[in-house]
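Structures given as C-alpha cells follow.
The following pair of complexes shares a single chain, chain A, combined with chain B in the former and chain C in the latter.
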Partner chain A sequence: MSEQFSRRDFLKLAGLGAATTAILTGCGPASRYVKREPYMQMPEYNYNGQSTYYATTCRECAAGCGLIVRTMQGRAIKTEGNANHPLNLGKTCARGQATLHGLYNPDRVTDPIKAGSPTPMGWDTAIQVVADALKNNNPEEIAFLMGMTPDHLFDLVSDLADATGMNAPIRFGALGMFESRVTLSKAAENLFGVAGLPFFDVGGAQVVFSFGANFLETWLSPVSYTRGFAGLREGVTKQRGKLVQFEARMSATGGKADEWIPLRPGTEALVVLAIGRLAAELKGGSMPRAFSGVDVLDAASRSGVKLETLEHLATMFANSTGALAIPGGAALGQSNGLAVAEAVLALNALVDNFGRPGGLYLSALAPNETDDHRPASAKEMQEFVQKMTDGKFKVLFVHGVNPFFELPNSLGFRSASKNVPLLISFSTFPDETAREANYIFPDHHGLESWGYQRVATGADQPVLSGAQPVVSPFYNTRATADVLIAAAQLAGGKFSQALPFKDEVEFLQGKAASLMNEANGSFSAPDILTFMAYFQQHGGWWKTSEGRGIPDAAGVLNRNLSGDAAEFAGEGEFFFVPFVSPTLAEAGANKPWLQELPDPTTTVMWNTWLEMNPKTARDLHIENDDVVRVVSAAGAVELPVYLYPAIRPDTVAMPFGQGHTAYGRYAEGRGINPNDLLGQHFNEAGDLAFAGMKVSIEKTGRKQHLSRLESMIGVYGEGMGEEH
Partner chain B sequence: MATLSDLKISEVKLSTEESGKWGMVIDQDICTGCQACVAACAMENNLSFVGEEDAGYGRSMHWIRIERFWEGEYPEVKMTPNQPMMCQQCGSAPCEPVCPAFATVHSQAEQLNLQVYNRCVGTRYCANNCPYQVRSFNWRDYERPEPLPNQLNPDVTVRRRGIMEKCTFCIQRIHHAQDQAKAEGREVMDGEFTTACAQACPANAITFGRMDDPKSLVSQLAKRQGGGKHLEELGTLPNVTYFKGE
Partner chain C sequence: MIKRTFDWLIQPLGLIAVGIAFLALFSLAAYGIYETQQTPEQPIQFPHRTHVAFGIQCLYCHPGAARGPAAGIPSQSTCWGCHEQIAKTQTSLLLKPLKDAVESGTPIEWVPVAIVPDFVQFNHRAHVAAGQNCENCHGDMTKVTIAENPQVMNMGWCLTCHVESAGDDHEKLIKLADCGTCHY
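So, the complex of A and B:
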C-alpha cells in the first residue's frame, strides 16, 4: 500500500471547504491513502460502537447492483442494496447478501505465489514477472482473458492493447453463455440494425410470454426483472398481469407463471411463429410475411402443444393491451437459437409494443460506453482456444473468469493451456484456473476494490456503478490494475506510455473526468476530486434522463423468419437441459451460506442432482437418490436423481454451479459440472447450444442421498416409511 | 411541584412509548422463492451453516424457509405459491408455556416471542410445540474457520451448542431504531427501518412494521381483503399475514 498520504493530507490536497468535508466522511477507507491500523487502534473514520456505511457495487455477477456495506471497527458485517441505485433500488439477491463469505473466505489466495514454490513471492518480484512478460514477447503473443466484471479493468486492458498491439482482451462468463447473451444481441442487430441487449419492461406489461428466459433467477439482471415481475402482478393502476412460461423443464420462473407450457425442445421457433400467425389472424389485416410460412397444425404436432392451447395463447396475446414476449435461456441455447430469438422479438413487433410501457426497449448504454461490450460467444472462445493450441500465445493473463470450470470440457481449454508457456492468474480464490497457472497474483476482493461497472440492462437510465474499498485489504493482495500499471511502467516504451498513471485511482479519475460536465447527471462537480468523492458516496453516477432506445420496427414483420426445428448432438433418448443454479452460478460454490440455501425448485442443498420425470423414472426402475450415469457425445458423469414432477418425460435437467475440482474447501470435490456433457455445438450466433445435447441414462446400482429441505417426514427413519 | 396525577400521566406515557406490536405482511403472489431473504437473515443474525450431511438430516439453521408444494401431475403440474415461513411471533405462543427454563418468554413491549439464549438448556420442548416448525436447535458448535467470524454482527449473540434459536423479527434493529428515536425525542417512524429479509427481498414481497399503528403500511396491507394467517384456528394469534394472490 502506498503510504504517501495520510488522510488529513488528502483532505488538504483536495482543497475542500468545511461544507464538502462533511461529504467526504462517506469516502473512507481510501485504502491506498490510509495506513491499515490494528483493531485496538481504529482508523480515524471509525467510532467504537458505531457503524460506518460505504456504497459500492456487487461483483457476484455482471448485473452491477449497487450495495451499501455496513462496517464496524474496520470489518464488513452486512451488505444491503443501495436504495438510491437505479438498477436495484435497495434490493439484493442471495449472492449479493453472501458476498461477505467471499471477502472473509478461509481459502483466499493471500499472497502472490509461483507454482511449485513453497514460499510466497514479494510483489516487486511479481510485478517484474508481469513486466518481463510484456516486454519479452511480441504484443500479438500476449492475450488477456477476462470475466464480465469489473469494467474499469477491462477498459484499462483495452487501452493497453490499443496502444501496444496486444490482443484485445476477450471477455467470457458461464452465466453469459447460459443466458445466450450474444444471441440476444445478434437478434437485435439483425432485426433492428442496432446490436445491444433488449430490455423487456415486464412491470408495465399485462401479458408476458417468456420463451426460456429465466429472468427471476439468473437471466441478465434478476433483481431488476424480479422488481418488474412484482409490478406485473401487483400493478396499482391495472389488473393483475399474467405470465406464461415456455420451457421443457419448469424453472422457478415457470413455477411463478400462471401457465407453464412444456414444449418439445427444439420446437420453440415453430411455436412462436404459430402463435404469431394465429394472433395476426385475430388482429385482422394482412398476414405478415414473418408468420406466413408456418403450418399451425404441423407446429402443434411437432411441439406437443395442442392446437387449442396455441389458439388460447394467441387469443391471450392478441387481445391484451400490454403483451410482451421474451426470448432467452434454453430456448436460445439450441442450434436454431438465433431464429428463436428473432421470432420472439418479431412477436413484439406484431403487437407494436416498442418503446412503450410494458414493451420492448433497447437497454440504455452506460455512461462512457461507446459500444455494446458483449462477452465472447462460445464459438469465439473455441477460436481463442485454437490459437492457444497452435502456440500463438506465449502469455495468457486470466482475471475474473475460471475457464477450466466455466468452459465446456470439449472446447479443449485444458489441453490447450499446456501449449501456453506462461499462464498468470489474478484470481482472488484458488480456483481451477489458478491451480493450473504458473503464477497467481491475487486481486483484492470486490469489497476491497476500486472500480466501476457499467449497468448493461435493467435500469431506465444510463448507469455507471462505482466501487470503493469498504475495508482495508485483508491479505497481501494487490489491485490487478495497479499490478498492470506498475508492470507497464517497468516494461517501459509503449507500455509505459499506454498507462501513464500513478495508480488505479488516477486511472479511474481519468475515466470519470469526461462525465464531470455531462448534462442531466445525478450530480455534478467542479473538479475531479470532488467528483470522485461524490462518486464514492453515491455509489456511482447515472443520468437522470431516460436512456433506453426504441427499436426500429420497420421491416421486422416483412422478414422471412425460420421455423426450422433445432438439431441435437448425440444419440441418447433424452433431451439434456442444463440450467444455472440461481444461488451458486459460476462463482458461488465457495460460499457456505450459498451452499446451504435450498434450490428454489427442488430444495436440494450442497450438491448436484439430475431432474427426471417420475413417470420416466418408474419406467426405468429408478428411484429418488439413485445414482445414474449420464452419457452424452462429449462425456459422461454420474450423479443422483431427483424425481421432478415438472419436467417433460423425454427430458432431463441438471444445474450448473457445482462440480469444482478446486476453489476451496466448500466447493472442491462436490457435485458435478454439466459442462462435462456439453459438446462443441453452437447456434447461428455462435453461442453454445447448451440445450442441444441428447443423452442416455444408465443405472449404476448405487445410491447417494441428496440433502433436501423438503419432506422431512421419515428423515429420522422412525415409524413413517416412505411411499413407493 | 408535580402533582401525583401528573406523575401518573407521565408514567403511562413512558410505558406507551416503549410498547408496540410488530407484524409482517407477505405477498406470496410476488414471492419468487429466490432465497435472498434466507441469505439476508443468515448474514444479519449470525446463523450457522451446518454442512451437507446435517442439512440433509433436517438440522439446517435457517430462520426462514421458503415452502413450495407440488399440485397435480405432469403436464398439469403446478408449484404452489412460495411461502416464506419464519417465526410468526404469536400473541399466544405454544412454545412459551412449555419451557422449563423460561427461555421462551413473551415480550410485552414488542409483542414478540423472545429467546433468552443464556437461559436455554436445550430441552427442545418449544420446537416440539411450535406448529409452524420455525425453531432450530444447535446440535453442534458449528465451525466458522478464520477469518469468517469477522463478518459476524456484533449486535446479535452468537449461539452455541445446545441452544434453541428462531426468528426475532430482527429485534436488534427494532431496538436500534427505538434508541435512535428516543434520543431524538420522537416516535419510530414507519419505514424508518425494516427486517433484514424485507430489506433484501427483490420483489418487495415482505412488508414489516408496526401493526398497532393504523397508518403504517404493514397495517394497511394486512387489512386488505384476501389475507390470511397460518394455523389461525389453533388460537396462536400469529402476527404474519399472507396474501396468495389470484
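So, the complex of A and C:
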C-alpha cells in the first residue's frame, strides 16, 4: 500500500458518518420534542387547547397602534394588528410583530436591583427607596425623564408633579429627534396658531411632494401613512397618484416614489420657495408674499436641481386637483429647519388644500386631552442636562427612554448623570442608562401591563388606545405606576393625597370614567366596570365622528419666508445624513427578528454601514466593505462602507439603531451609533440639526464584510470582470 | 487525490474497510433512528391505562380535542380536582411530583408525544366531528402508561386514512386529498 490513508481522509469519512447520523436522527420526533407548561389554574374564560385573543396597544414606538395578541395556554404566540383600531386597521409594522421578542427576551431585568449588589432586593425595599426619594428631597430636586409615548404613566406623573410641586415630567425620544417633531409643531404654531402635529392626508391626494419625510418607514405613524400611500396609488382616488421625494439620500419612501430629487442638503427651503413661486406664476393672480423673494435661477444653481426640473415639478403641483406637500425628517434637521417646515406648509396654502380630502389637517386630540403635549426638543434636553450638571436634581427617575444611547454624546448626559446622587431606572431591559443607574426597578413588558395611550397623529378620530396584560408577568417585575402609587402612599402627606389609588387599574378607571358620558363614543356602558370591560375588549375607546381640525389659512401666504441656506458644522467635505433604521430604531436592536430583517434598501443585517456613492468611492479608492473612519466636529467612528448609487456624491449616510454598549446579548457591541458624530447644533425650533454636520472620510486599510441578503455580484459591475 | 483514494479502496483491504465503514454508519444510523422513536421522558410517569380503567373519558382531560386545533394538556387544577380527594396522593412516591408541583405552585413541564411539524395544520375538532375515535390515531390507552405513538405520523399515513374515509364519494375525496386541506 503505497498511499497512506491520510488523517484528512479519515476526518472526511468520519464527518460523513456523523452527518448521515445527524440527518437521519434529525428526521425523528426527538428533534421536535418541546416542553409545554400548562396552566396551574385555568382561567375560567379559557378552553384547554384553544387560543385566547386579547386586544392591546403596541408599545414599540409612540404611534399607538392597536394589537390583537394570540395566546395559547398562557403564552403569547403571535401579534397582529387590531382590525377595528382606527389608527392601523389591522396592520402592524415589523417592530409590532417582533414585540414578542421583547417579552421572551432572555436578558430582561428579572428583579429589582441595587447597583453593585449581587443579590436582588425585594419590592418592599424598592418601594421604600422610591418613597424616601420623594419624601427626603425638595420637590424641585426631583425630575422625571420619560419616553415619547403620551400614556397613562405620563398622566400619573404629571398629576403627582402638579400636586406636589415636583418638576413636570419631561419626555424625549430619539425617534422624535430624528423626525424633527418639535420643528413641525412649532411651524404649525407659527402659521396656524396651533402647536400640534399636522396630519397629511396622503390617501386622498393626487400629487404628494415629500421633503425629507420618510413616512413609509419611520415617520410619525408609519403604519397609518403606509395605508395612506396605498390610497394614493389608486386605493382612494381611483387614479394612480404621484409621489415626489426630495432628499439627498434615497430612503425606501424615495425608492417607492415616482421621482426622486436629490437636492443639496440645506437648500430645501430654497427649492420649496422656488417651486412655490413657479406654481404661483402658473396659477396666475398676484404673487404671494411668501414666494415673492426667491430667485428661481439662483435656487436651481444652489440646490443642484435643474431649472427644467423645478418647472416640471411646479407644473405638476399647480395643475393637480389634489396636491400635498409634507415636511419632515432630515429636511427639518438643518439649522434652517423651521424655515423649511414653514415654507412647505405654505406650499399647501398655495393650493388651498387645508381641511380637504388629500390635504392638510390638524391632528385630532385624543379623548381626555386638552392640548398637544409634545416631547422635548434636543435644546430642552440640553437645558435639562445643564440642570443635572449644576446639581439641581437630587433624584432622577427614567422610564421608557434610554438617554445614554438616544441622546448625542456631545450633549453630555452621561457625565452630567454623575452629578445626580440618585438615578433610578424603571427599564425592562438592561440598557445603557439602566446599567449606570443606582437602582433598576423593572417595569413589566408592554404585553404584561395595563394602560392606555393617546394617539397623537395618524387617525381621523380621537383615539385612546387601551392596553391590558395578555400574559401574566414572567418575572418579579412590577408596574411603575403601581410602584409610584405605593411609594406615594408610604411617603404620605401631599404625595398620598396626589395618588389616592389602590393600584394602577383604579387609576386607569378614574381616568376613563369621564369618557362614559361622552357622545359619539365607539361604545357606551352604564357603569365603570362594564365600560372598562368593553375598553379592554375593543382595545380602547374612540369617537366615531371625525376629529381632525382644519388649519386657519389666513395670512399664511402673506408672511416673509426665508430661503437662506443652512449652516453646517464641521470642516469635512461630505454632508452627513443619519437616518432611523425602520426596523431597529431606538429600541429594536435587542430583538433577533429585527436584527435579522434586512434593511429595505441595502439588505444589510446585524450591522451598521456607511452609504457612499460609488463615484465618490472610486475617487477615494474605497471598495465595498472597506472600513473607513468618519470624522466630524463632535467625534469619530469607524465602520464599513456600502456603495449606494442612490445617494448624492457629496453626501454620506448612516442608519441609527445599532451601536449599543449594553441592552442585552443581541444588541451589545454591534455596529455604530451615528449619535457619536452629532454636535450641539440646533435649529430655531430647538430640534437638533442632526443633518447639519459635515464629515470627512479616512481610509483605515481594514475590511469588514457586511452580512447582506442580496449578492453583490452583477451589482455595479462587481464580479463581472474589467470590461463592466 | 480522489483517484489515489479510489485505487486504495478497490484493493481487498480497502474493500474490507469500506464494508466496515458501511456497517458502522448503518448501525449508527439505525441506532439514531431507534433512539428517536422512543417515548420521551416525562416528569411524572403518568399511567393512562389506570385513568382509562376508572372510566375517565379522554375529553375530560383533553377537552380541546372536541373544540379546536389542539387537544391541550390538562392544567394542574384538573389533576388536583380528583387527586386532592384521594388519600394515596399524599403518600405515593409516584404522585410526589404532582403534590410538590401543586403545593409549590410550579408548573409541570410535560412533553407532548404526538406532534406534527409546523407546516402541517392539524385540527382535532374536524376529526372528532367526523366520528374518529381518539384510539384510531393515538392507540389503545388502556394498554399504556406514558402515552406512546403507535405509528409514525407522516403524510402517507394521514393521506391513506383520508382516502379510505372518502370511499366512493368523489367530491369528498377531492376535498380530503387536497394539499391545502393540511398545508395552508
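Following the convention adopted for this analysis, the second predicted complex is superposed on the first by the 666 of 724 C-alpha atoms of A that agree within 3 Å, B and C clash if a C-alpha of one lies under 4 Å from a C-alpha of the other, contacts with A are read in each partner's own complex, and residues count from 1 in each chain.
In this text, a residue touches a chain if its C-beta (ideal position, glycine included) is under 8 Å from a C-beta of that chain, and two chains touch if they have at least 3 such contacts.
All values derive from a computational prediction rather than experimental measurement.
Asker: Which partner, chain B or chain C, is in contact with more residues of chain A?
Answerer: It is B that touches the greater number of chain A residues.
Asker: Thinking of the overlay built on chain A, is A:Leu594 touched by chain B (first), by chain C (second), by both, or by neither?
Answerer: first
Asker: Between chain B (first) and chain C (second), which does A:Lys256 come into contact with in this model arrangement: first, second, both, or neither?
Answerer: The answer is first: A:Lys256 touches chain B but not chain C.
Asker: For A:Pro106 in the superposed arrangement: first (chain B), second (chain C), both or neither?
Answerer: A:Pro106 sits against chain B, while chain C stays out of touch.
Asker: For A:Met72, using the defined touch cut-off, is the partner it touches chain B, chain C, both, or neither? Pick first, second, both or neither.
Answerer: both
Asker: One more residue to check, A:Asn48. First (chain B), second (chain C), both or neither?
Answerer: second
Asker: Of all the chain A residues, which ones make contact with chain B and with chain C?
Answerer: 72
Asker: Inside the complex, what are the residues of chain C that reach chain A?
Answerer: Result: residues 4-5, 7-8, 11, 13, 17, 21, 24-25, 28-29, 32-33, 35-38, 40, 62-65, 67-78, 101-102, 105-112, 115, 117, 124, 149 of chain C touch chain A.
Asker: Can you check the complex and tell me which residues of chain B touch chain A?
Answerer: Result: residues 27, 29-30, 32-36, 38-40, 42-44, 47, 49-53, 55-58, 60, 62, 65-66, 68, 70, 73-75, 77-79, 82, 145-154, 196, 199-205, 245-246 of chain B touch chain A.
Asker: Across the complex, what residues on chain A touch chain C?
Answerer: Listed in rising order, the residues are 1, 3, 5, 9, 13, 16-17, 20-21, 24-25, 27-42, 47-51, 72-73.
Asker: Which chain A residues qualify as touching chain B in the complex?
Answerer: These residues of chain A touch chain B: 72, 75-81, 88, 90-98, 100-101, 103-106, 216-217, 222-223, 226-227, 229-230, 233-234, 240, 250, 252-256, 258, 260, 262, 474, 582-583, 592-598, 600-601, 603, 605-607, 613-615, 645-649, 665, 670, 705-709, 712, 715-716.
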